[in-house]
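In what follows, chain A forms one complex with chain B and a second complex with chain C.
Moving on, here comes the complex of A and B:
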């Protein structure tokens, strides 16, 4: 009796969890099937006839390729570098300056970046960039993205800095290194994994952001991938689904690969529940 | 912080502040300054086109008066309409959707390893981290009346098709947002449950408590502060999210327009920044209340240990 009940409970558990898995999987299936279908519709079906032509089509479209391989990489890469470097410097200084209440300070900062966020924040930020003449520039997008991500970046970096033993730095100082030499030769190598985490996190956020470049970038030759695909979709009559789906898949791929890499290398750690922070 | 006075100052003050300067510059320019400036803009008629583009003037409370003009407040495309939609959207997708679902998944897989757990966690996390535009296209296809996977499933279950875009646009973006954001609650609750000592579960088991009793009397009180934290954070994020715009565009006839999309339309479609700033001030005020609630919930958690 007991074992029959156990089997039933076990089966019920597997059924419910499989349904949950299905719920998360079904909506994205189209992204995986349509790009390989020569006659892609909005239906999810086994690609027939199977083709790689759709990707060829994307690669022949100079606007699409420029958006993906130049503009997106430039904007997400710039944001990644800026966020990782500035957050590391700040987190390190906050920790080693022994400032009282720095934990609360970083917490408030992260919270504040959740208050000044989204479309609401973009109203004054757009005007600010307008007066600074940074509308429609890569730099403008990078600066705004970096500004939005920094508080959380510092928060993430803080964990790594605080767990670094001070004895490393003290022995460097004792042997006569300057503060800068110590930072470069002792601190940075130890903090490298942390910087990697912040860099990957910032890259994924910047890469996936639609709102900020959609508002700040005007000219087609500077649009990053998300804005470019969206303009494919909304402008010029019926969207070409083969192109849109193939392009979307190419665009989403780096995020999937980075996720798999981080999951394999570090295990997808959960940093006090921070993913957002970006606008 | 400073455990004892003997700790040698590793970083000279000047160098330290030099390290901090870039961060302060960015935070000052892109967080602090916009936060203050938006109030000022909201009392003007700044626009990039039209007669006031060159000479913006102070208009006092006019933008706010228009925003809260209750005679037309609930009409289609007005602020009240967007506010009501947002309320339903946040309640439905964050409070009734993400939080309970995330908790259910975390509980189901608590202290269970295996491929099924890996699969569900990975799929949910993927839904959470994929780029906005890619998931938006996937969902446009998913919700399509004639070809969409959702309607195909419904037909096969004998439930018939639903015209998601025209009949239930708000429900559609609510389901989307549950799908998109549940991973956060799932991971948070998973971590929270993991921090409960195993002895708590075992004691209840020995006492012969049923699963529900065990959950209600032992687990729930322990994770209650985490539930509060989770609810406030996902409410904050859902309130500000813009992604559903990429699926419905707020339509049809503004029936799925949230406050975030309303702000976008006023400021960036009409280019009326004074009015847009007034909405932004209201949005940030709501954000501020939620953030303060979050801080208070953390203080309570600390009080309980």
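Moving on, here comes the complex of A and C:
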């Protein structure tokens, strides 16, 4: 009796997870098959006839390639760096300094962060950047994206900072370290797994952002990939599936590589991960 | 071990000791340290003992410079360091959790105080090797803290404190994370090491046995105040208050409430259901008192005795080399330690004979009567 019920429950569980898995796996399957298909459709099918022709054509589109391998890397990379560094410093200060109402401050920041980069704020942001003469610059995009990601980044980093025992810092100070030596030798290395999480998260967010660069970037040679992908659409606005899929695959690669690199080099250890004391 | 250079040593004899003057620390409404005055001599092993939350750690952190005093002054080696940063004080501290940096090997951990002082790498490693060899952790230097045992971590933390030859060692309950057996070993090890190195040491603990076993002198602290300072023997034999008497010793001193009357033949103590002559005990005066007697200064009799306190046997605990006996005297449980491994034949009714020379008297406020 009991074992029969157990088997049924297991079966049901597997069925549900398989369905869910298929649902999420299908687009991925499409992404890795369609680019090699000379006659790609929206269906997942074995590439026939198999071809690398699509990639050849994508690479001939220098505008799109420059957008992907230069502009997107610059903008997402800059946002990643800015967010990780500033979030770490801010989270550290917010956690270690006695500031009245600091929790409220962080929550308010997180609450309004979605507003900052959201559609509602686009006009003021555009005007602000216009007066700062940052329209149509990489820096402008990086600043706006970083500003939007920082509150959540700070929020994430704060958990890492709070899980670091204060005695690490205090013991460094008593050992004779200056505040800067303590920060460089002890705080930063201990927080590095957290910084990596925030950095990758910021990169992925910036990498996929369409709205901000679409509005702030004017000249084609500075547009990033999410905007440039529209050069693979026909005049009428329908995607050329063979080219869009090939470009999308190329577009996905840097994120995958970054993730694998960070995971291999530092390992993603989430909250409290420093307890084990590193590898 | 030649951890101290001769020059530094001779220089210290005149200067390096710790003076706390009227030291006070408030955290908002909480008074963590309350007008503490202490003088600690050169080379002394000084224990700060008290129950949890009495302000021991705060006192230590004030000395290290990790907290700013609300009031008072701190002198190290004759120099006023009250307003100096930790790095300008030349002290070393071993934290309760050891605070070894998880991303560094033990070698880099131990060498860190030298590194921040700009000592060349070669010299750092030579010195680290020397100290590590002395503490018998030289084989572990390439490991991370997470890859060694608790006892080894503790040694590494001590090594890091030792490596830059500070004026003063500060220990905050360094043994509380070790298991019972290791703790006994570490006690002997730390005491031996301190004698050898000769550095003034302030050692915080809430374990009275640890303080008694290791320290040259002990300061006993309750709610931010120092109640008594003295050698282990002094605080054991001559507690200045009922609280101190009850804190030192294991099990603690028995305290029996009652009053003293004066009759012909001297003073008598009237307790719950008994009366004994106090003879010529100093401090005996008529009125309400607490009679204090340590468990090891009582004999258990199976027959009545004019000088004995009658009670009911409650429990007998054989502990190997000694017996721990609990007797109800009225409502009060009285502990007795007998240094024997023979189980005594006892009926329910027993009589406790205190050693009169070892009886303490405290007034109702807890102050010792002399």
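As a working rule, the second predicted complex is superposed on the first by the 201 of 279 C-alpha atoms of A that agree within 3 Å, B and C clash if a C-alpha of one lies under 4 Å from a C-alpha of the other, contacts with A are read in each partner's own complex, and residues count from 1 in each chain.
Note that contacts are C-beta pairs under 8 Å (C-beta built on N, C-alpha and C of every residue); 3 or more make two chains touch, one makes a residue touch a chain.
Please read these numbers as outputs of a predicted model, since none were measured by experiment.
Colleague: Could you say whether A:49 touches chain B, chain C, both of them, or neither, answering first, second, both or neither?
Modeller: neither
Colleague: Examine A:209 and indicate which partner it touches, taking first as chain B and second as chain C; both and neither are also allowed.
Modeller: Only chain B; A:209 stays clear of chain C.
Colleague: Which partner chains sit in contact with A:175 here, chain B, chain C, both or neither? Use first/second/both/neither.
Modeller: second
Colleague: State whether chain B or chain C is in contact with more residues of chain A in the superposed arrangement.
Modeller: B
Colleague: May I ask you to decide whether A:29 touches chain B, chain C, both, or neither, giving the answer as first, second, both or neither?
Modeller: Touch status of A:29: first partner only.
Colleague: Looking at the overlay, does A:123 come into contact with chain B only (first), chain C only (second), both, or neither?
Modeller: Touch status of A:123: first partner only.
Colleague: Of the residues on chain A, which ones does chain B touch that chain C also touches?
Modeller: 170, 173, 275-276
Colleague: Along chain C, where are the residues that touch chain A in the complex?
Modeller: The touching residues are 61, 64-66, 85-87, 89, 91-93, 95-97, 99, 101-104, 112-113, 115-117, 144-147, 160, 164, 170.
Colleague: Under the touch definition given earlier, write down the residues of chain A that touch chain C in their complex.
Modeller: Where chain A meets chain C, its residues are 165, 167-168, 170-178, 181, 185-186, 189-190, 192, 274-278.
Colleague: Residue numbers of chain B touching chain A in their complex, please.
Modeller: On the chain B side, the touching residues are 1-2, 7-13, 15-17, 19-20, 22-23, 26-27, 29-31, 33-35, 37-38, 41, 46, 48, 105, 108-109, 116, 119-120, 122-135, 137-142, 144, 146-150, 152-153, 176, 179, 182, 184, 187-188, 190-191, 230, 233, 236-237, 240-243, 246, 260-261, 263-264, 267-268, 273, 276-277, 279-280, 283-284, 287-288, 291, 294-295.
Colleague: Hey, which residues of chain A end up touching chain B in the complex?
Modeller: 13-14, 16-18, 20-21, 23-31, 34, 41-44, 86-87, 89-90, 92-94, 96-102, 107-109, 111-128, 130, 143-144, 146-148, 150-151, 154, 166, 169-170, 173, 179-180, 182, 204, 207-211, 215, 225-226, 229-230, 233, 244-245, 248-249, 251-252, 255-256, 259, 263, 268, 270, 273, 275-276
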